[in-house]
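For reference, the structures are reproduced in the following blocks.
Two complexes are shown next, each including chain A; its partner changes from chain B in the first to chain C in the second.
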Partner chain A sequence: MNVIEVNKLTKYYGKAKGIDGVSFAVDEGEIFGFIGPNGAGKSTTIRLFLSLIYPTSGEAKIFGKDCIKYGPEIRRDIGYLPSEVFYYEGMKVIDLLNYSASFYDKDCSRRIAELADIMELDLKRKINDLSYGNKKKVGIVQGLLHQPKLIVLDEPTSGLDPLIQRKFFDLIRDENARGATVFFSSHILGEVQKMCNRVAIIKDGGIINIQDIKTLQKDNYKRIVVEGADLDEGRFNLDGVTNLERENGAIRFYYKGDINKLMRLISESEVSDVTIEEPTLEEIFMHYYE
Partner chain B sequence: MNIYKHEFKMSIKSVVIWSIAVAMLILVFMAIFSAIAPQAALLNEAMAQMPPELLMAFGMTGMDLATVLGFYGLAFTFIQICIALQAANYGFSLVSVEETDMTADFLLAKPISRPRILTDKLLSAITGLTITNLVVWITSLVLVNVYAGGQPFDTRTLLLLLLSIAVFQLVFLTVGMLISLLVKRVRNVIAFSMALVFGMYVLSAFGSMLGDDKLDVITPFKHFDPNYIISHGAYDLPMVLISVAFILISVVGSYRLYTRRNIQTAM
Partner chain C sequence: MNIFFRELRANFKSLIIWCVIIVMFVAVGFAKFSAYEGNPELLAVLDGVPPAMLAAFNLNAFNLTTITGFYGVMFTYFALILSIAAVMWGSDIITKEERDKTVEFALTLPVRRSQVITGKLFAVLVNCIVLLLFTAAAVLLNALQYQRDNQFYQFVAISMLALFLLQMVFLAIGIFLGCAMKSYKRASSVALAILLGTYFISIVAGLHKNLDFLKYLSPFKYFDAAALLHDSSISSVYLVLTVVIVAACLVGAYMTYGRRDLYI
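Coming up: the complex of A and B.
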């Protein structure tokens, strides 16, 4: 079953483009990555899911139901972590979380305590007094306390220190194992790479590519470093080689094509070291943005 | 009802402060009255010396400041300004505060419809305003009776004045709300409400000075002119109905605009 189904979704703010003709689907139980630079349309897409804004054309369905028509019903099972931190003037953390919980027809007090414990969040402090990172934690707990079936994360990790980030990722993995679908928007590719099954790349309001993380890495480029005393870099300039460069006696390049060809080429040369690696998502990503 | 409760808790401090301020205002005016009442005839003479345009501008023509009700009528103009400012503040901030504080993304992502949110918020604001209204009622009734000093006055007229407050509050609350939804963003609530309230007050003053009836139609200060109510012992009914129409249009318009609104982000 598709938890999210987006069909030619378009949003213009007056004349300014938010997104244009975005279509994709997220399967139940997936951790779906949504990457793109700032201003590419990530938040616009998410805000359309929650009917915070209304589409110019096209539609988005969540749990098979139209986002606008069945908004309140759908949102019962969505947990949303906004990218911006927020607070109500003068409110304590626990008050805000209880307020958040009061919108759902279940007792969330135990879950609040658990989540606060995991995220090391002091419930008695005033939200105004919290640091940016701690406010972010309030947002996380607030988004997860009702055990949603769909978790929507908009740049969730900015401001979190690495230790808490790891706990947060573990938490999201646990929720996913429990059966929650996760929609993970980010411009940090490393974290998407670690977390997600599939990833959609968005640029200038349009989806460029949707791929399995593994195929994205496998089918594309290899990063190759060849080291040796008298290497002629021109020899490696064959079809499928890009970004060929020489640095301190090492030749580096990306290669896409028949790996045997390359192996033969390397074996003909006198080399001291060879490295063949999967490129990181960052590097693949750079390719899409060139 | 959870939003209602939450909103009310958030606003209670402001309600208390406004209520105390208005009560103090009434106290000061009535204390002044008790001090000058013995020489009130002189005061009326002094007023007669002033240019009539000035008196008109302040809505003080034909007010007998020697009587407790006449003096209370003068105080009531200032009460109205305070009440209007409070109501307009609540109206302008009602929905806009969620966007400036970025809590809209929190609230609107909850399983609740926008009309429900607006209804709860509106009811909460009305509750707050009603508390202030009650405080005005109690302080006015008590202090007018205390400082009347045995002077007889028409209680019915006083009640008419007090009864007008609720509608007056609703006008500024709902018009403020409507305007906040018509603009893209309310950056400064105080600036908006000052502009609305003093704008309306100045219109009312100009209307009186120029004797222009057309301006009277727009401004609630004229719809509930204390001078008129005291001298006629009744409301200017067609004018009151204009205020009621303002309220209805603003409420209907606000619901329509809010349910279709694209919620702004901080950027």
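Coming up: the complex of A and C.
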């Protein structure tokens, strides 16, 4: 069964394009990555799911029901973590969480305590006194306290330190194992690769590609810099090498293909330094998807 | 229900502040009256003031040397204060979610937007009623030190009803603007502009016979103190107009808020 079904979804803000003709489907139990640079339309798509905004045309269905017509009903089973969390400033964390829980027809108090414990969140503090990262933790607890069937994450890791990030990812994996579907929007390729089964890539308001994460990894470009006294750049002109250039004795290029071939080639040369990096998402878009 | 209670708690401070303002205003006003009570010189002074000026400050219809007359003049200011509170509360309670960026929390909960409006509407309604009760209590307590008659109590009763209706009109206008206006920054200033504009119209309408038709445009004129005192009732035309304005604003509020994009 498809938990999310998006069909030619289009949203214009006046004349400015949010997204145009976006279609994809997310299967039950999947962790689905949604990746793209800032301003590509990720948040717009999510806000359409939650009927905070209305589509210009097209439709989105969640649990097989239209997002607009059945908004409140659908949202009972959605847990949403926005990229930036804003809560009622005057409230205590626990009061806010209880307030949020009061909208669901179940007792969430135990789950709140559990989640707060995992995320190391002090429930007695006031929202205004919290740091950005701690507010984000409140958001995580608030999004998960009702054990939602669909978890929507919009840039979830910004502001979290690495330790808490790991706990957070474990938590999401647990929820997924319990049966929750996860929609994971991010501009950080690495975290999406770690978590997701499939990934949709969005740019300028349109879906460029939907791929299995394994294929994406196989397709993955590396950015390589080789430095050495008298290197011949022609030697590195392998299949799968692009944008080869020489600059101050360093040779830079992108490489896609069997990494062993490249390693052998490098080991045959006299080099002073080698860097192999993940390209940034922008670079992937520039060199691969154009 | 949870929205209602949360909003009551969130607005409690603002309610207290407005209650303090109105109680102090009443106390200061009545303290001034001690100089006017039974003072014939005051009447002589007022005789020398141009009639248009008197009309503008609503001083021509009342005998300022009696408590009833003095209260009649103060009524205009009560009307202004309570309406300002109502219109600000009304627009603010809706727009603050967008202003404070809490929409992404408050409206992604499993609630219909209409439920959100209803919860908030009742919370401000309670605030308006509490503020009105404080006003009435302050008036009655402060009046104790002066000579009162039956007419005074009747006048207070009918004017409190009038104040309530006026609050409802501006509360509805505030809620409507908060719901309908895309720019939350502008909603409360437009609300205040409408309030002051209609107040100005109510003054202008009293200045000349040819401008009399303007009275329908200003809710302040629907509940004119002099008319309330002399007729001890509210004209049914104005009652109908009040109901129509409130209903139209609320229907408009629910319709526009249900359909528009929320800004984050």
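Just so we're on the same page, the second predicted complex is superposed on the first by the 222 of 290 C-alpha atoms of A that agree within 3 Å, B and C clash if a C-alpha of one lies under 4 Å from a C-alpha of the other, contacts with A are read in each partner's own complex, and residues count from 1 in each chain.
FYI, a residue touches a chain if its C-beta (ideal position, glycine included) is under 8 Å from a C-beta of that chain, and two chains touch if they have at least 3 such contacts.
In this text the structure is predicted, and so the values were computed from the model without any measurement.
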Superposed partners chain B and chain C on chain A - clash or fit: clash
Which superposed partner A:Ser100 touches (first chain B, second chain C, both, neither): both
Partner chain in contact with A:Arg76 - chain B first, chain C second, else both or neither: both
Chain B versus chain C as contact partner of A:Tyr88, first or second or both or neither: both
Contacts of A:Lys42 with chain B and chain C, given as first, second, both or neither: neither
Set intersection of chain A contacts, chain C complex versus chain B complex: 13, 47, 50, 52-54, 71-73, 75-76, 78, 80, 82, 84-90, 99-100, 102-104, 142
Chain B-touching residues of chain A, taken from the complex the two chains share: 13, 43, 47, 50-54, 71-76, 78, 80, 82, 84-90, 99-100, 102-104, 142
In the complex, chain B residues that touch chain A: 2, 6, 10, 101-106, 108-113, 260, 262-263, 265-266
List of chain A residues in touch with chain C within their complex: 13, 47, 50, 52-54, 71-73, 75-76, 78, 80, 82, 84-90, 99-100, 102-104, 142
List of chain C residues in touch with chain A within their complex: 2, 6, 10, 100-105, 107-112, 115, 259-262, 264
